[in-house]
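We just call them A, B, C and D in the order they show up, numbering each chain from 1.
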Amino acid sequence: MQELMKAKAQEMLSNGSVTRVLAWKKGDFETNPEPAFFTKHVDDMVYNQYCATNLSNFMVGVEKEEGKTLVFLKPCDTFSFNQLLKENRISRDKAYIIGVGCEGVKVIDEMQETGALLEKCNVCTKIKHMVYDELIGEDVTRRVTDDPLTRFKDIEAIEKMDAGERFAFWQGEFSKCIRCNACRNACPPCGCKKCVFDNDNYDTAQKANVTTFEEQMFHIIRAYHVAGRCTDCGECTRVCPQDIPLHLLNRKFIKDINALYGEFQAGADIETLGPLTDFNIDQDAEPSIVYDRG
Amino acid sequence: MKRIGVFVCHCGTNIAATVDVVKVVEAAKLEPGVVHAAEYPYLCSEAGQNMIIKAVDEFGLTGVVVSACSPRMHETTFRKAAAKAGLNPFMVEISNIREQCSWIHKDSKDGTEKSIILTRAAIAKVHLNEPLHPGESKVTKRALVIGGGIAGIQTALDIAEAGFPVDIVESTPSIGGKMAQLDKTFPTLDCSACILTPKMVDAAAHENITLHTYSEIEKVEGFVGDFTITIRKKARYVDMKNCTGCGLCYEKCPVKKAPSEFEQGLIKRTAIYTPFAQAVPNVPVIDKTQCIKLKTGKCGLCEKVCTPKAIVFDQQDELITEKYGAVIIATGYDQISLEKFGEYSYNSPDVITGLEFERLTNAAGPTGGDLIRLSDKKKPRSVTFIQCIGSRDTSKRGKPYCSKICCMYTAKHAMLIRDKYPQIEVNVFYIDVRTPGKNFDEFYRRSAEEYGVNYIKGQVGKIIDQGEFLTLQSVDMLGGKRMDLQTDLVVLATAIEPVKSVRIIASMLTASIDTNNFMTEAHPKLKPVESPTAGVFLSGVCQGPKDIPETVAQAGATAAKVIGLLVKDKLMTNPCTAESNEKFCNGCSACTKVCPYGAIAYDDGIVHVNKALCQGCGACAVTCPSGAMDLQGFSNRQLMAEVDAICR
Amino acid sequence: MYKIDKDNLPELFKFLTKNGTDVFAPVRKGNQVNFESFTDEVASTLDLDTLKTVRSPKDFVLPQVEHLFDATIENKQIKLETSPLADKPYVIFGVRPCDVKGIEVLDNVYLKDPVDKFYQARRAQGVIISLACTNPQQTCFCKSFNIDAANPQGDIAIWLINDSLNWKSLTDKGANLTTQVKHLLQESSDIDEVEACQKDIQLKIDALPYSRGLPLDKFTPDKLLEIFNDARWDELSKACIACGTCTFICPTCQCYDVKDYDAGKKVKRYRCWDSCMYSDFTLMAHGNSRNTQKERFRQRYMHKLVYHPDKHHGEFSCVGCGRCVNKCPSSLNIVKVIKSFEVDN
Amino acid sequence: MSVGEFKPLVVAFCCNWCSYAGADLAGTSRLQYPAEVKIIKVPCSCRVNPLFVLRAFQKGADGVIICGCHPGDCHYSTGNYYTRRRITLLYSMLDYLGIEKGRTHLEWVSAAEGVKFATVMNKFVEQVYELGENRRLEDWRCKS
């Protein structure tokens, strides 16, 4: 696959059909390839199970630049691409998308494999590319589970706790937060030009979690702002240096949205109204559904 | 920092009896930015207002807080006073220490403490207030009336008489509405057609009125004073100009099986038809679902007999776009479907609704006014009316409200039968008889006492069609007994509901509608003919059940309000509009999707708000993750400052 | 030299806490090890084997948030109340040699004129007990900064050999603490054992991938402008997502921002860590002096490799702990930066 | 009703057209509800940003209630339909994080429902009394 990708990238760069290639570049260890733009040679390009970064997010950065970008997207990354497209952050005609298969991304610590795959890969159902110009290589992506509810198991476990336990659980997690903003910055839909938490004009700026409240506030609002827009790409959890299971927040919203307003997968297409910019007059649940449940 | 003046009103003893206004003044003085604080017995009085005006000048105030009654009461008063003092009116904030403090808290300590906090919140908000300037928008001096029943006709006539052009859009081929179908009207028993048709003719002939019959609203854009509305004139297949209304066409039409809408389906009509003899305009229409020519290309008999060559089989729907300053909804009602009321055997030909009864006793109706059973064409020996079918019914199948007209029309029907056919026995099952209205109760009493109508308090549980007669399993509540009553004809006082299409029309006009599909008025008491959406007015049953005199009165009131709008050359627009900070706008366009007014447009990476369209709800501001979108007058920072001040 | 059994550590910690000294030691929670306040509950999850805590011990001398003063308004008069200085003694146990050096780098900034009183107070209360790196890891490159992982500095140095801690006090502070807990320690003269351990560590360090030498000699203050204007920054910074992970887990990153918080009844002024990766870093009234991520990215490395050495006698403000190598979401890090300058343009 | 010294603070966001008018009606009808409730007027319930709700808790509120027009009656036609989704999700998330459910509430109150307004407020404040002081969503800086 890697060689096919390199050949294709080199060809398109050489014949001028694209100005740059967005892919992964060899790191100083085999296990730490970095996202990179190639404009001449692609010798350092790699593709393996350590290529974690969701490249869709990097398309925003080249949106204003001249020329077309060839980008390699794993199936799950294409959902993010669509979501960014839907929100006018990127243009379809500035990208040449080559879909590549994915066998799951390995978790690395201290440059060593831990033996695990990323959490999102363990519950992956996103086996098809939602948007592409071309697919190359053998389709190695496999559906991990046929049960779409698998990914909500952890959420259900938390829901089953009593309020005190839930609170203690989240306090434990949130207290680890160092407010490095990696979750925010790695998140494709969380790509505001100026985040409300950075904006002094808005009177909500916070640079650090001064109190436990601010830890809660940041994560609640962050998850809320991407509710209905989060494709569940898992970058937030992957990049968190403190191992906070942030996907459990986003996925809770996804679970609620699916249950209350009908199945919705952000990034599956670019037309469907997002659940928070839409409503159903007769069928939408009343907020009392929250107080009424056990 | 702003220089803020705080004025606390006693409202006589309304506030001062519970709230220690002096304490509120003293507390306000300690707030940052407050350079003056004072109290006064009645701030809304001229002297009170003058005190504020003087203080603005004397202390160089740049912001004013008035702690008094609800802003819904006097916000405008105090804003006007501030404007007189040379301050921007939007630098005034009201803290509501009457409705929210003195009137609900008995304890003076609680009330005073809360008044101080609410005043503090208003001060915090004023610190962030910025001068706002209402824009101006022009007023198109033309009104559109949707619905051509008596409500629409009366409203249109009154507006037209005041000199403004009015268009009436009516979905059926003729104006006239339900009133045209009625036989007599209560409580005077004058002939409905006799009093209605002159008005129909007046409307058609009026130089300021344009009729668009067989037409529907296609699209609405714009806002008060400047609506742009597209009307779909459905193809009639008859040229309105050439047609002389001679009627030869429908005499020759071979299709004779279409149920007549006007006759409540009691008889059939032809494919080309005028709904009734006095139809305005008196131009037939071809029902394309029935016409052989339109369906198969054969026939065309009507075209052959039409000497003025008015039949146009290839006519298309026509779209007319026109500008209006005001829109009046007068869409009226229908009887509810009785599908879910199987126990009343409405499928039996001898069980009919009130409106069907109107046609059955009408001299111009299917029987020429001869009251017969539809099953065997025999004269009934007895007729039984049942009230409240689907009205005052809190189960899902019915309507929770009283349909209001049934008690009276039933009394009318009963009286008419007894008058014309004294041998027919008439029974009325009722829950209670409601007859408020001029001469109404007298009318009802006459029917019972002079005409011998047999009123039975009770309900009918089931109607069984026995062929020869009907058996009513019922309860006489006053007699306290179950009874099986045999009768020949049953008339169901069926609940009325707004026409189904009103929901679509309301949503196009962004006017609100209640759970029963009645249009909501801007204020149930003080603005009963305006919808909450500026420039949209209500006339007739679309707003709530009404009889004819009430409808006509309301139609006139509506016209007066519309005229009040149309005489203005310009309108001030709401300055509390959304505004997008382009530095922070991501261009995601989520705001454009939640805006009910289409006021936000996306262009090249950012969004822009059309101030003339924006009504200031704030849906966009909350949907915007970056906070680029904000609402002037209720900005994020203002609201958070209020939260902070309250929680301090 | 003294010795103490690893299993007896909790007892020692308990003794200290009972006597009014806070103890911070590496504790495992899930997949993470971080310095935590020692309590009975965490005794069982003490972790001296994991090399690197996610957060560095910087937290204890320069906490992420430090309150400076409270301002209150009474009758329209503003009253200030300065926050108290740290006055409780504490011990940070298990600090790795690189992190000890990290604190030294911070000292060179915060204890030099003008002295930062908050920092000074905290620093004065703290005793650093360091721990030699028996098992250095792939991402370590302390050797490049002449840090000896086998010879930890600080107030007390410890070598963990066969579940036994070899304890050597290095400073007066260290000696005082040692005296305080002497009854829990055993005298020891196993210098050989320690020396063997040190040799072993040095061999392991030499075998690490990054120990083959980083071209740090390329970064000299006299080449400041040359490096600043180098075209390589463009490409290097492309993958940066502008988060603050590297900054906040770095033992030497030292920048802070000063903020006010309106708490209703009072306004609290505090300072908190800032990151030069953030778009509002050093934002001033006129706007921002670094408008692109490239400029911000460059700032971080210029500071560590050029500006800081220029002001501090050639001392780099990187200690080769490798945290950023391990944690950067985009697999960027200072090693990649240093290496990319190996060849002159 | 009172438990010890604790006196909760309840912030109520009321839409201008229905609920604020409903509160006025409660006032004109002299219907008692606790002084613990402090009302903030917003044009529409859809103006209430989840940020405001959190902000209130941060600054010391013990309960937050949002009131808007009944679905179908929104002055702006559709505002409260968005509110309904937004606030349902927000409250569900707060519950998921272990915040006591009784501290938040949403109620549709029309301009004619003065009685309902007072009843809702009485009930809500009582509920907050039972829960006691807000601890789980507090910012210690804003206390004392």
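One rule holds for everything that comes next: contacts are C-beta pairs under 8 Å (C-beta built on N, C-alpha and C of every residue); 3 or more make two chains touch, one makes a residue touch a chain.
None of the values given here were measured: they were computed from a predicted structure.
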* **More contacts between chains, A-D or A-B** => A-D
* **Central chain (distance from its CA mean to the mean of all protein CA atoms)** => D
* **Distance from chain D to chain C - Cα centre to Cα centre, in angstrom** => 46
* With chain centres defined as C-alpha means, what is the inter-centre distance between chain A and chain D in Å? -> 34
* Centroid distance [mean C-alpha coordinates] between chain D and chain B, Å -> 31
* Structure fact -> Touching two or more other chains in chain B are residues 594, 623, 636, 640, 644, 647-648
* To do: Pull out every residue in chain A that's touching 2 or more other chains.
  => 194, 196, 204, 210, 276-278
* Contacts with 2+ other chains: residues of chain C -> 261, 264-265
* Asked: Is the way these chains touch best called a line, a ring, a star, complete, or other?
  -> complete
* chain C contact footprint on chain B (complex, rising order) -> 30, 32, 644, 647-648
* What residues on chain C touch chain B, complex-wise? -> 73, 75-76, 262, 264-265
* Report the residues of chain A in contact with chain D in the complex, numbered from low to high. => 155, 158-159, 161, 163-171, 196, 204, 210-211, 213-214, 216-217, 220-221, 223-224, 227, 249, 252-253, 256-257, 260-261, 275-279, 281, 284-291
* Structure fact -> Per the touch rule above, chain C residues touching chain A in the complex are 29-32, 34, 52, 54-55, 64-65, 137-139, 209, 235, 238-239, 241-245, 247-249, 257, 259, 261, 270, 272-275, 278-280, 325-327, 329-332, 335-336, 339
* Complex interface listing, chain D residues touching chain A -> 50-51, 54-55, 57-58, 71-72, 78, 81-82, 84-102, 105-106, 136-141
